[in-house]
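My questions all concern the structure below.
All chains are identified by letter, namely A, B and C, in their written order; residue positions are counted from 1 within each chain.
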Amino acid sequence: MTSLFLRDLKLAMRAGGGALIGVLFFMTVVAVVPFAVGPDLNLLSRIGPAILWIGALLASLLGLDRLFQAEREDGSLDLMLMQETPLVLTVLMKCLAHWTATGLPLVIAAPLLGLFMNMNEVAIGATMLTLLAGTPAITLIGAAGAAVAVTLPRGGLLVSILVLPLTIPVLIFGVSAAYAAVEDPAPFLPPFLILIAITLFFAVIGPLSAALALRAASD
Amino acid sequence: MPISLVVEGLSAKRGEDLIFKDISFILAAGDALVVTGANGSGKSTLLRVLAGLLAAESGSMRMEGMSADIGHPRELCHYLGHRNAMKRELTVEENLSFWKSFMGDSPGGAGIGIEDAAEALGLGGISHLPFGYLSAGQQRRMAMAKLLVAYRPVWLLDEPTAALDASADRLFATLVTRHLGAGGIVVAATHQPLGVEAGELRMTGFAGVAGELV
Amino acid sequence: MSENSLTIRKFSDLANPTRFLGLAARVLPWLIGLTAVLFAIGLYLSFTTEGDYQQGETVRIMYVHVPAAWLSMMCYTVMAVSALGTLVWRHPLADVSARAAAPIGACFTFLALVTGSLWGKPMWGTWWVWDARLTSVFVLFLMYLGLIALNRAMDDPGKAAKVSAILILVGFVNIPIIKFSVEWWNTLHQPASVLRLGGSAIDPEFLRPLLVMAVAFTLLFFTLHIAAMRNEIWRRRVTAMRRQAARAAGREV
């Protein structure tokens, strides 16, 4: 199983891989927001966590459509379906590799963008922590969408449309936990724990439904 | 106890169309079956059903004589489809070692090393190159090396020699012969003769299978 | 090296990558030495001159920041000229030059951004303001990264060269528009409130180290650029040889 993880990581790093593109997209999306809302630093620091979350959400959806489609195009998916290894485990491993290659860089880039948004240290730390806990959920539930759209010739956009509504809870609790850390009366822990619970829940239903969809889509 | 592949009354549909029905055969260890027929007669479909990638409409397939417990017969099969299942960006060595460790060996045999497998297909010494650098024929041969690095008793081959020249063809025939000699089973869909002793299953398409098994 | 016997008579002789390699091998040691000496002088001057009465010690950041910012723009100009070379004159080294310059430009731009915000924290009380000039540099940084990503995404260097040359030129034409609109955007929302170093009168006390550092940075750029071009040529030769090896394999079977 680690060999699958390492292979997917290598593929993401090699030429044409998506590891760099996701972060770049994240930076660009966050960077254009001030042009729309104006350079008022107080306003930016107030909306900063939300902007970072939306940017990270869009960026993590970016490479998802290729998660299984690339495997299907070159026939690797057939072989993965045939193995003794449960397909759920294979999907989970692919999700983990995908998150490490595209989600983790977002978490690491978040503090830098937090500075651009004039967020203070606590807000940056809280946003980073919520991103770390929340972005795996996006990848995991996105895998289900990617598996459903795997046979479609132009599944890329469809995956985003299918997955975005499913990620709303992640966004809600991620952003509210990040805000709770900065604004005093609201407690940080409850929304953050719910966020972790959502990630764990998606870690089960995401790969499970993706495996079912891949079996059904095989032809 | 030597293994055997038992197929009984297999039928398959694609969409609403019945592609074939009531195909039955038994392949004992060392047997090869060549599936022939015109384009669209259902050769590939039959192989994909055998590989467990398509659900059969009716009928069954099972392995007999296995000492170990297995979940599904497909776990004992190599499937070499039209596509090579190799990544262009990775080196041949990375590709093959991934499949070797991901697939593992079926009970009853062991795969050979990566460089040995490349050597067996006449392509020793270039496994450090990215797969994408290779020509179409070389890529096909490296895809065949997958059959050797992880042991599976049953090989399901879909047009295995389509992109190969005559010499590589012969090389592959010796590999198949060696696999059969070691008690393996081969089912191959092909237009060209495989170069080994084999029974023939002629598919005529549209729910009719003329030739029964020899 | 055997290439040493090849002399370069005309500019067009540089088009030959082998000649270029020979030239690079001879020029690079001198460039490296010169750059090191200039940096030694520049850094010495930077740390021995007096601090500004208003900005204190932080003024020394300027000796790195200003040259880096200047190079971030010069590098893009070099890339734009190289892009023209690729598209118009089909100079075989032009795409090598453009490709090699992009990461260097990105690094200098990043350096300018980092030193800028290090300077901004004590001066403005924040790491970053969406000031027109800063924002333009940040947009430039994003463009560099985009170009690097584009170059990485395509494995055929010939095809990548043309496409990225087009993108570089589009970007180059767009830079004034971006700059203008960013300034428009910024003044609409917030009257200029940041204090800037310089203006008309820079004391010669500051000017001397600044100039030395600027020359040192420029030389550093050329050193890195030539070395990167050399590496790129070598990388392409290695790739070509590997493809050849792939073709040759299995012939004898």
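Following the convention adopted for this analysis, contacts are C-beta pairs under 8 Å (C-beta built on N, C-alpha and C of every residue); 3 or more make two chains touch, one makes a residue touch a chain.
As the structure is a computational prediction, the values presented were derived from the model and not from experiment.
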With chains as vertices joined when they touch, what's the shape: line, ring, star, complete or other?
complete
Counting C-beta pairs in contact, which chain pair ranks first?
A-B
Innermost chain, where centres are averages of C-alpha coordinates
A
So the centre of each chain is just the mean of its C-alpha atoms; given that, what is the distance between chain A and chain B in Å?
38
Using mean CA coordinates as chain centres, what's the gap between chain A and chain C in Å?
33
Distance in whole angstrom between the CA centres of chain B and chain C is 54
Considering chain C alone, which of its residues make contact with at least two other chains?
155
If I count partner chains per residue in chain A, which residues reach a count of at least 2?
15-16
Specify, in ascending order, the residues of chain B that touch 2 or more different other chains.
none
Show me the residue ranges of chain B that touch chain A in the complex, using the header's touch definition.
14, 48, 51-54, 70-71, 74-75, 77, 79, 81-90, 94, 97-99, 101-104
Going by the contact rule at the top, pick out the chain A residues touching chain B in the complex.
1, 3-4, 6-7, 10-11, 14-17, 73-76, 78-85, 218-219
Chain B - residues contacting chain C, complex:
122-126, 129-130, 132-135, 138, 141, 167-168, 171
Interfacial residue positions of chain C with respect to chain B in the complex:
155, 242-243, 245-247, 249-250, 253
What part of chain A is in contact with chain C in the complex they form?
15-16, 20-21, 24, 27-28, 31, 34-35, 38-41, 44, 115-116, 118
